[in-house]
């Protein structure tokens, strides 16, 4: 039991998220490298049926408690602390989604161990667990080894393909009890849905995305023109939405949508991890940025160092001419 | 309301980041520091809450180059009290710094009790933790992150809006006092005319407070193996030429894939 | 005012709204006859709730507060048209308007985002683009001629060339800088630049009402000037020129200053034989507000253009003192979204239509803002195949190629 690798399942609206499976795929590699079992930790209230999807793990620890029905990071962290203190895993991999945000840090603090953030890879190096973390807006990668156990790992999306973590196998499920405060100090009252009547960007084949590089709301027209010419839709990164140039429902990234269109044309987007997370699954990524060092060029298939404000209209024209 | 805002300086990524010769830290020479972006949002949210509910805003910041500018600017924006924390250095990793800040909050005279401690939801340097939950843990207060609004405060609780995904948000009820990690304030951080900041430089006294000893060592429980700039492998195939030439090449590409 | 020596102007740096009437300029304001020439000539006159005439009216009635609470003055692009036409010679754009705009700015419930970013960037990085100050002189590597940077080689020099932000960071501005460097080199000018030590001169911030930012930049620039020995300053920036002539003397600035275009015009006899390549262009020249209306340099750029073999100069309907601003001054460079939201026509589009009407191939300019604004307008209006925008300096350099 002690020394196992744990992957904590992440849920959204009653279903397991892709990052859960990415984490399982990674967890399996690490568990195999250390020759220990991989255990999935599922926490919630009345969601035991989700456990059968976690067959990539050797078994599932299912923590059931009414308080775990609400997506409150500190409640989940408290439950994990109890489980970890009882069972002493070697490492706990927690998907770093908005839902869980802060849970890995709380867990680490409660256990008195280091908690790593922005982890994009894990491996065994000479018997030690080594993490690779992406910092400084994607500009620097840090390889780091925790010196205490369990190692609490805040996993960033994209570490492994989600499909690698899916399995037909039905794992054994062990129900565990956790004691949680009767009156949690943080309670979810309700979900607030996004504004209705907006286009469903997740179903679009072609997306033209704008970032800070378009400089002003005015220039959105250029992108919209291009989107029209291509038969696609416009979307944007967080800064553009924060400025009010696009509505929240068109935000791609961590706090917005995850999209996998056939074409993702990134105009003036630097490629910070928060944004990349939302579009890295796109079949064809073309990035335009004036900065040749922009991290987006590390994940794009094709890149152009140019001013998006100049290229967009030129491309729109070329496309229109081509289509006839 | 008694509001405390924790603000810190992080490397400005507008400048080129260079790795130090030992490969385990950033080259300090090349660095310029800037206030962490979401900390600025935390300050804005605090100021909005003060405008809405009354009270005072205190800003606490660990010492760092150019932090005085940040504190004077906060004062010019409406912060009532600005405090610089000595003995806590900026640098890679936040856990030690967050612990020191939390200890300081309890020790600074006339600071606590407070209703809310606000700080950014995350920063670009958060290798070994997030400040907000670490401070919450030390203080024994509830915590919520990715906050984008605080809409109501009454009967010892606050209604806090958090961002989930796909445009969804959640309305939470949080018992006070609490620590909030602010992702984005309800309005973009306000502009303050430079003349006002210069006036604040004359009228405001930055209090200095020595962080309670012992100040935790940064990165004690981890070993930094190496820093690196991301590999160029998997880098995009770059298209060269004039804007018109590139547009033509892209059209070819798209046509080949049946996208036109 | 065509000269290479500092202009003699009545200092107005310490005029405030409080002490206005104790100052000669303030007393001149009181002589306003409410004729309305200012409102009539303002390019945004029809949308301006408070043109200078009304401002002065409110000032006299003690009701200036109302003006402070209106955002109408954000539409002022500091084009000097009102000041040039005022029959009383009231220094509206230079003195009264920035004072009022300062209060308007403070009272804005929300600062337009792009403008806020530009100002914050200028304070932090010394340029509105938010690019590192360490990249300000990056263009020098591709200049094609040697360019001395004073921090690397601090020996005394004749001309300190103050390049300014647009011409340091913007790709089209860098084209102009390269052309300027080649001309200086060909003319044997002993010049050097501050390179990464140079920061914005701050004039547009001042015209907008951000006097604190202007003061901070002025203090900085004066300290940098004091480090080196040079005889005079030549600047590509027309706003920088104004700042040095009219504001910087407040801090003891005494250097002779010229803008590039009139400076080169003084070397025309030496330059003419070098202009060997024929450029068969029909060129129309846009008088920049600062260089033209404000300082009277109308004929110098035209003389330069006419010296280029093959060039034929035609005039737009509104030329010289009547020129229509490109819309970039007084913060306008960063308020296009704001104006658009209000439904205003872009001044650069209005002007480009006039240029096209002349049938010219080339729209020649001499203010760094104008290139990007007019190229943008040409694209938006669909005329970018009919006409190109070139700085006068670019045309000279082009004509110099053997």
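Details
All chains are identified by letter, namely A, B and C, in their written order; residue positions are counted from 1 within each chain.
Basically, contacts are C-beta pairs under 8 Å (C-beta built on N, C-alpha and C of every residue); 3 or more make two chains touch, one makes a residue touch a chain.
Since this is a predicted model, take the numbers as computed values, not measurements.
Any chain that touches subunit A and also touches subunit B is listed here: C. Top contact pair of chains, counted by C-beta pairs, is A-B.
The chain occupying the central position, as judged from C-alpha centroids, is B.
Distance from the subunit A centre to the subunit B centre is 20 Å, each centre being the mean of its Cα atoms. Centroid to centroid, with C-alpha atoms defining each point, subunit A and subunit C lie 48 Å apart. Annotation: 37 Å between the Cα-based centres of subunit B and subunit C.
Among the residues of subunit B, those touching two or more other chains are numbered 188.
Residues of subunit C in contact with two or more other chains: 113.
Taken residue by residue, subunit A touches two or more other chains at 243, whereas all remaining positions touch fewer.
Interface of subunit B with subunit A (complex): residues 11, 13, 17, 19, 26, 92, 95, 121-122, 124-130, 132-134, 136-138, 142-146, 159, 161-175, 178, 181, 183-184, 188, 221-232, 234-239, 243-244, 246-248, 250-251, 253-255, 257, 259-260.
Against subunit B, the residues of subunit A that register as touching in their complex are 12, 71-74, 97-99, 101-102, 105-106, 108-110, 113-118, 125, 130, 133-148, 185-195, 202, 205-206, 230, 242-243, 248-249, 251, 254-258, 262-263, 284-287, 295, 297-306, 310-311, 314-315, 317-319, 322-323. By the touch criterion stated above, subunit C contacts subunit B in their complex at residues 102, 105-106, 110-111, 113, 116, 119-120, 123-125, 130-132, 134, 210-213, 215-216.
Subunit A makes touch with subunit C in their complex at residues 215-218, 243-244, 307, 313.
On the side of subunit B, the complex with subunit C involves touching residues 14-16, 34, 187-188, 190-191, 193-198.
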